[in-house]
Amino acid sequence: MQVIDRYFEDFAVGEIRRTLGRTVTEADVVLHAGQSGDFFPHHMDERWCVEEAGLGGRIAHGTLIIAIAVGMTAGDVNPQAMSYGYDRIRFIKPVLIGDTITVTAQITEVTDHPRRPELGRVDELVTVTNQRGDTVLSLVHLYVVTKRGSE
Amino acid sequence: MQVIDRYFEDFAVGEIRRTLGRTVTEADVVLHAGQSGDFFPHHMDERWCVEEAGLGGRIAHGTLIIAIAVGMTAGDVNPQAMSYGYDRIRFIKPVLIGDTITVTAQITEVTDHPRRPELGRVDELVTVTNQRGDTVLSLVHLYVVTKRGSE
Amino acid sequence: MQVIDRYFEDFAVGEIRRTLGRTVTEADVVLHAGQSGDFFPHHMDERWCVEEAGLGGRIAHGTLIIAIAVGMTAGDVNPQAMSYGYDRIRFIKPVLIGDTITVTAQITEVTDHPRRPELGRVDELVTVTNQRGDTVLSLVHLYVVTKRGSE
Amino acid sequence: MQVIDRYFEDFAVGEIRRTLGRTVTEADVVLHAGQSGDFFPHHMDERWCVEEAGLGGRIAHGTLIIAIAVGMTAGDVNPQAMSYGYDRIRFIKPVLIGDTITVTAQITEVTDHPRRPELGRVDELVTVTNQRGDTVLSLVHLYVVTKRGSE
Amino acid sequence: MQVIDRYFEDFAVGEIRRTLGRTVTEADVVLHAGQSGDFFPHHMDERWCVEEAGLGGRIAHGTLIIAIAVGMTAGDVNPQAMSYGYDRIRFIKPVLIGDTITVTAQITEVTDHPRRPELGRVDELVTVTNQRGDTVLSLVHLYVVTKRGSE
Amino acid sequence: MQVIDRYFEDFAVGEIRRTLGRTVTEADVVLHAGQSGDFFPHHMDERWCVEEAGLGGRIAHGTLIIAIAVGMTAGDVNPQAMSYGYDRIRFIKPVLIGDTITVTAQITEVTDHPRRPELGRVDELVTVTNQRGDTVLSLVHLYVVTKRGSE
């Protein structure tokens, strides 16, 4: 992890980065239940998931996959950018314990800030894929970024 | 935690629920760094936060507050509803270690599903407030819910 | 989790509630060893459990099952009740990693407090069952509850 | 941690051992909430504890103190003894985050097993004390122990 | 855990102690990634370990095995000894998730302190073995110990 | 985290990198006690540390600081390098809960492998500094690195 200044002008639509993989473990799900307080049987009751719900096993919390996915794209610290939210988070397929996910992040839009001329907005589409190549989650990560020469 | 069937017809715009409070602790932030892999100094370096970044202390990860807030609204299990995503997640103010947050969830929209007549869509606005009454995060939680008599 | 006032008069012998299931995981046992400081081989050494002790696998700490069982019965917050202890905790069968437990809590006794007329005592029998229907742990949870009109 | 055989005849009423101290931390309470699923405001909401409940701060879960206390007395592995339960667990005073506890364990009763002549029963009174010398929790730990020459 | 004074004169070359076993779990590796911030695929990506790296599974962090091994040899508290470092830490074979390790600690050298006559130095060779008898890690633990009559 | 091939020829004596800071928290120490099984009062008993041992507070486990320091220097994945151990680990000053550490890693030696001509050895001096600029820990991280054109 390094501190690297990247200004608004340094982001281009289509720019893409792809992470290494990470296996979503039982420990991750147990810790996330403990952190979020969500002990729904979908995440915690192996017997119910398999025998009653037909889920094929316990599934990871949506908020766990968001946390891991966004965390995996947190590479270098950019003092010129600030994350202000996400749009269109969609849980497309369940992630089961034992699945291995990778994340792709692609710049999809760069626009001027509507009210502040020294800033721009950068949208990054984050796509999470499992080991079979299925997309399991997507979201748009929203940044405000300083324009060069304005700080 | 109980299993309670609530159908599409049981949700009404304006319906509101409010959680008890939860203090966001240093342990939460450390565990979330460990879960997400995001060790940015904003969350991990007290000295930098106070002396260089002027943040007043270490701030919680956005994804931690999402996980806690959504978890706090996960009350009973409703077999008729499925969460399929979130819209318009916005980080409005930072949450510092030691802040105590409460969550309000209000039904803001109920609509027919565009293609499947047996289902409806329910939007729930989730608002997170700190101990000073400031809104720190908001998001819209999206559900698909079965209509009565259709299952 | 909601705050709901229930007074002494609201509890009746025979009243019963039953939780959903929860799978006791390896992560739970590892975390509980770390919390309690109890690293006995019964919980931590798979080889010893299987090859030497004939246990069929690592078994959960008794205090872990108590914590989970009591936690699973902690539904709503009742400002009129205070837990003051447990009686007759018995470890009836071991819980192995991977077992799924459910908990039943039944009111078994309601009596006046011996010295304080504004209070009563409520005993709740907590019974933990595994996925085969075997009782693995039982205890009596002891509450002091305010009588109606006395606060 | 060592394996040391101690038989029924090796336990004498009055025998006492005393542990070192351990500070009960915020991290312990957060982890125990996550393990037990008990997120009651008594443990998690600093503002409520201080401003509304008059508790002086967040208090540790009873099951956390049981787990730590029993864990602190788990010294050597004794293949001749088996823990089968606890009696008379009493929460005498609250343990607040930051309190430092020590544990005393004293043999209070040794008796023949009512039905199995090769076994005896040993009761150990476990007393937990805070840094001010107040007793905060007590319980009786129940063991079945093999008699010498009977295995 | 007890406090037991052992002076320099009480350590003899060749003295050996051997711990019980401990299974290195997936939860240990996940927690250690979270603690160290090291999310290398060798530890976190099951698919990559098996299909690309030919490792046979995820391997434990070296620093995890050091922490467990040294922790397993931390028996009683000796106020007369202070650990000042380790020499020659060598990762000899990988430890995979599910392996069970035991630790042997042998005094290999006792010498006077070069500058302080009231102290001596004790070297302890710590050897970690897996369930197949392979040595997986070794290190020399370095202590400074008070001589009798000098404190 | 990216995969970047760096060969033996790419390392030069004197090359240096410096991490951002990380505050060592109470949660880190509690989690490390739980992971290592080392519950010595130096790490766990605030009262003893301050009132009896004169340590000024609880101090972090040496193995925790090793794990964090090595983890902080684990930047990109280099398939051409393999860590085979550490030399001369020295605990120079205690790290107290709340201290903020940074890590410097400097290449101090590059040599041919004594027996395998296709490999070289790279030594990296890892130095951990607290917020007052004191060196608290140092170690030499040992790598074997492939020479260019030999794989």
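Letters A, B, C, D, E and F mark the chains as written, and numbering starts fresh at 1 in each.
Operating definition for what follows: a residue touches a chain if its C-beta (ideal position, glycine included) is under 8 Å from a C-beta of that chain, and two chains touch if they have at least 3 such contacts.
Here the structure is a predicted model, which means the values were calculated and not measured.
Chains making contact with chain A as well as with chain B: C, D, E, F. Taken together, chain C and chain D share the touching chains A, B, E, F.
Interface comparison, A-D versus B-F: the higher number of contacting C-beta pairs is recorded for B-F.
Comparing each option in A-C, C-F or C-D with A-B by residue number, the pair that reproduces over half of the contacts is C-D.
With centres defined by CA atoms alone, the chain at the far end from chain E is B.
Work out the mean CA point of chain D and of chain E, and you get 29 Å between them. Inter-chain spacing, taken between the CA centroids of chain B and chain D, is 37 Å.
In chain F, the residues touching two or more other chains are 1, 20, 25-28, 30-31, 35, 37, 39, 41, 77. If touching chains are joined by edges, the resulting network of the protein chains shown connects every chain directly with every other.
Of all the residues in chain C, the ones that touch chain D in their complex are 1, 28, 31-32, 35-41, 61-64, 66-68, 70-72, 74, 77, 83-91. For chain E in complex with chain B, the touching residues are 31, 33-35, 37, 39. Considering their complex, residues 25-27, 30-31, 39, 41, 44-48, 58 of chain B touch chain F. Partner chain F is touched in their complex by these residues of chain D: 20-23, 25-28, 30-31, 98, 100, 131. Residue ranges on chain E touching chain D, taken from their complex, read 1-3, 19-20, 75, 77.
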